[in-house]
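Shared chain: chain A. Partners: chain B in the first complex, chain C in the second.
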Partner chain A sequence: MKRLSKGSLSILQGGFTIVFILVIWEIVSRVGIVPKPLFPPPTRVFGAWIEMARSGELLRDIQASLWRALIGFCLGSVIAIFVGLLTGRIKLFSNYLSPLIQLLRPLPPVAIIPLVIVWFGIGEVSKIFSISFAVFFPVWINTHVGVRDIPKTFLWSAHTLKIRGLAILWKVIFPAALPFIVAGLRTGISIAFIMVFVSELAGASSGIGYQIYSSQLAYRMDRMIAALVLLGLFGALADIGLLAIIRLVFPWLKLSGQK
Partner chain B sequence: MFQLAQESWRYLKRSMRFLVLALLTTLVLTGCLNSSQTPPSSKVTVGIQTSPAMALVMVAQDKGFFTDAGVDVEIKEFTAGKFALQAFLSGSIDFAVSGEVPVALATLQENPIRVVSQVVESTTNEVRVVATKDDDVEDPTSYFKSKKRKLATSIGGGPEFYTYEFLKRYQIADDEVEIISQKPEDMPASLQAGSVDAISIFDPFAFIAEKNLGEKAVTFKDPELYSELYVLDVRPEQIEEKAEQIEALLKGMSEAGDFIEGNPEDAKQIVQKYTKLEKDVIDGIWGNFVFKPALTQELIEFWDAQAAWAKDTGKVKPETPAPNFREVVETRFLEKVSPSAVQLQ
Partner chain C sequence: MKGNQSPHIQVSNLRVQLDQHEILHGIDLALQRGEFVSLVGRSGSGKSTLLHALVGFIPSQGQVQTPQDMGIVFQNYAVFPWLTVRGNIALGLHGAKHPNQEIVDNHLELVGLASEAHKYPSQLSGGQTQRVALARALAPNPEVILMDEPFGALDMYTRGKMQTWLLDVWEKNQKTVLFVTHNIEEAMFLSDRVVVLGDGSVMGEHQVLFDRPRLESIKFTAEFIEQKKQILESIEPAYNS
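Now for the complex of A and B:
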């Protein structure tokens, strides 16, 4: 008897749950268990997507949010990896920088937004700064730990093979720390999308976060939910995209769940 | 193929049992939480914005006029009336006082609301545009057409509607200005820092911005354009179920209106206690409000204009029928408490 492959099974199970939830949601809303204006059915949410696509708002808001998330994520990650490589390998850098970073790390990124607005205004700079700031910490800590805890045998072998200077960084340290760095990047990308939403609440005229907020205030719950689903979807797709890029650039890297 | 379908059906049946159980548990818990949110009937919760516009409610509460009238009121404060209205619609509070614009928007989306009174008989220039002066340009059309300006406003409320009417009146096209959404309390600092060129907002933030900028500020105001009203919101079923409490609220506010008229300085002190605003700010804006419960024809006219605005700006679908806003207003309570205050056609 032919059994379902594990891949097909997980897709089937995941798809079933989503369809089941959508059906229950549609029934609960239509029957009026929860007031329909506050809890529109998924068919109306889908209609809101169509409406926003026709008016051009959907494309405008997706472009604005994705651009901010991408720039903020890349900036925060690059700086974090660079600093993490330094603090993880060079004691002097760790002594000077780690205490400051550890002091700033527990600060909720949302809490700094009023300050960032005062410093940078309400334009793109403040939004990208907020996103980069939030992304920096998970990427830094993972890079720092990954670099610091490289097995000594790797480094001894490298010395034995006369690998020195930047070559040891590129050929030994970075590859060994990469699983940790990837874990940090995956956390960072989720945080980037959270911060995109938060930063667009304070001084924006476009973006998915702005759409969520303005729809809420116009009591357009269908549009609000449509924008929320979109935000979650892009967050998930961004994670999948990140893993795909990493697999492409570093095909030898085994990520969790892979055999 | 048939075996594949059989296998799939077996997995579906197993998954279904678990998911139905999870859903039932969620529904039960939701029901329990909702019932626990409803406050006991001896006390009513009223959501208000922490703003001088709520003076009638603040004075009535502080001086015990609500208690004297026979209702025990707990005030819940929100940063904006629109958030009080949302809490009211979700059932977290019994009543809300909000601007009339959020009520129009909520009604257009078929949310059940009734308005039993305004908490201000009228306001004057309560919403206005405050801008950073530029080469002694004092006329709004020249100011906004000289270059593309950033104009911050609070969306979903009176300021956004005022902005729409303002731009239309002074023939400023959508592409000649960038409208930015900001919280009211952030706007004065934003204007002062130069992040935006102008703000369209209600008092006290408009006044605070004027005060902070001093000579560098220019205010564009038009008393005939629009000035926000604030209303007491109830649910349709409360008209019968909470009739006594509603009447008592209006009696309390009517007493408060008389008190404010006779004792403005004491009233200002009470408002200062609630809002933590400086005395000179309250003094500066006090004259923009007439603190009396009322129901005026202006309210209906504003709502009709706001319905047109909502359609024009895509806040509602074009096919949404414009409601008869006169039916949103329930006059019987105010007619009983203060018949002359009902000025509707």
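Now for the complex of A and C:
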């Protein structure tokens, strides 16, 4: 009998757990242990997906949410990495900016949404701003610490190799801080999906978050759960995708044991 | 003749103060062109501090005359993990006038890593990684190589092999080398001269007169063991202080 590889075995084990949970869920719902309208079985949830796909809502909502998450995540991350490089490397920037950022950091990003709606309205700008704002902090703090704590010997080696100015930033400082930046980006991408949901609760006419909210109003638990599963699925896929891209562009990170 | 030229490195009354504490108390040291000198002493005697002050990594007082181009090799390698072996060696070769790839290839051959050129440091052994560090320091053709306990993290067997290999490389390019170690046997095997540092001051110097090229077997000769004993006796006060 052919033996399974470690990877295939772990996929099989993970798949088994999911199938097991789905079966239990189906039984619990069908037997009536819990009220069926409140806890529809997975087959009903699957039916809701089919229904949403046929009406075009599924594609529209996925597109809207992924677009917001992507733009918000990219904007927040790029700004955070740039500011983190400055505050981690230049004492003057750190002195001026770090206290302000530290003051804003404990703010729950969700709390700024009412203010953001007043400032930017209920359109795309307010949603993307909220997501970017939330993504900024974990990416910034990781970049800041990564850049600040670069081993001295890396910088000294660069000095003796006569790497100066901007070259030291791109050839030494950025890659040296990359393991920290990647950790920040992974936290940031999870937060981006939380913020997509939250920002779509108010003033949205499309998106997975909007679908969850409107399904609740219509008392359609099957559609609500279907949208929730989608949100979790895309959050996980985004993390896997981000790691795959990072491993492709920076293969040494994977080789250094970066998970 | 090394002794007849003006010194390649000249240090007079070098003082280093860190956190209001004087680490080096007026060091005088001279290295001739092409000389291999080792600095020995117990931990905290100021060996690495002296090296760092020479390159200007830390502020110092006194007179320091060194060439502009100096390469450095650290104990923890400081090889960049995001670059391949080839990338690390090529990093210091900026000038368009240099035929960079040829220099890189030559140094890959020199350190015996031509077949590992595409690998990342995490895929190499400790000894191989240290060879990359040395090739990287040598590639821009500096006049002086400073080595800060480069074999300190290696096991005894690899360390012995690396010492023989380093001598082989040094005999090919005859750079001026200042080598920091706390291993007296290593210092004697590699150097023309051993300088003993104790508590931030030079405590003594010992000429090592064994013929070159040296084989590892000299470490077991009576003359080698006798001189090692003399050096050990001379640095004993530093260890007891």
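Assume the second predicted complex is superposed on the first by the 250 of 259 C-alpha atoms of A that agree within 3 Å, B and C clash if a C-alpha of one lies under 4 Å from a C-alpha of the other, contacts with A are read in each partner's own complex, and residues count from 1 in each chain.
The rule is simple: a residue touches a chain if its C-beta (ideal position, glycine included) is under 8 Å from a C-beta of that chain, and two chains touch if they have at least 3 such contacts.
As the structure is a prediction and not an experimental result, all values here were calculated from the model.
Aligning the two structures on chain A places chain B and chain C side by side, free of any clash. Look at A:Trp252: by the touch rule set out above, it reaches chain C but stays clear of chain B. In the superposed model, A:Lys162 lies in contact with chain C only, and not with chain B. In the overlay built on the shared chain, the residue A:Leu70 is in contact with neither chain B nor chain C. Once both structures are fitted onto chain A, a short way to say it is that chain B and chain C open up an angle of 160° at chain A, using Cα centres and rounding to the nearest 10. Once chain A of one complex is fitted onto chain A of the other, the partner contacts of A:Pro151 are limited to chain C, with no touch recorded for chain B. When the two complexes are superposed, the chain touching more residues of chain A, out of chain B and chain C, is B.
After overlaying the two complexes on the shared chain, residue contacts for A:Pro114 are found with chain B alone; chain C is out of touch.
After overlaying the two complexes on the shared chain, residue contacts for A:Leu178 are found with chain C alone; chain B is out of touch.
When the two complexes are overlaid on their common chain A, residue A:Leu9 makes contact with chain B while staying clear of chain C. For the pair chain B and chain C, the least inter-chain C-alpha distance in the overlaid model is 33 Å.
No residue of chain A lies in contact with both chain B in one complex and chain C in the other. Touching chain B in their complex are the following residues of chain A: 1-4, 9, 12-13, 16-17, 20, 24, 33, 35-38, 51, 55, 57, 114, 117-118, 121-123, 202-205, 210, 213-214, 216-221. If you check the complex, the residues on chain C that touch chain A are 52, 55, 57, 70-72, 74, 76, 78, 80-83, 91-92, 94, 120, 122-123, 136-137, 140, 142.
Taken together, the chain A residues at the contact with chain C in this complex read 151-154, 156-157, 159-163, 171-172, 175-176, 178, 250-253, 255-257. Within the complex, the chain B residues that touch chain A are 3-4, 7-8, 11-12, 15-16, 19, 23, 27, 82, 86, 89-90, 102, 105-106, 108-111, 152, 155-157, 178-183, 186, 189-190, 193-196, 310, 314-317.
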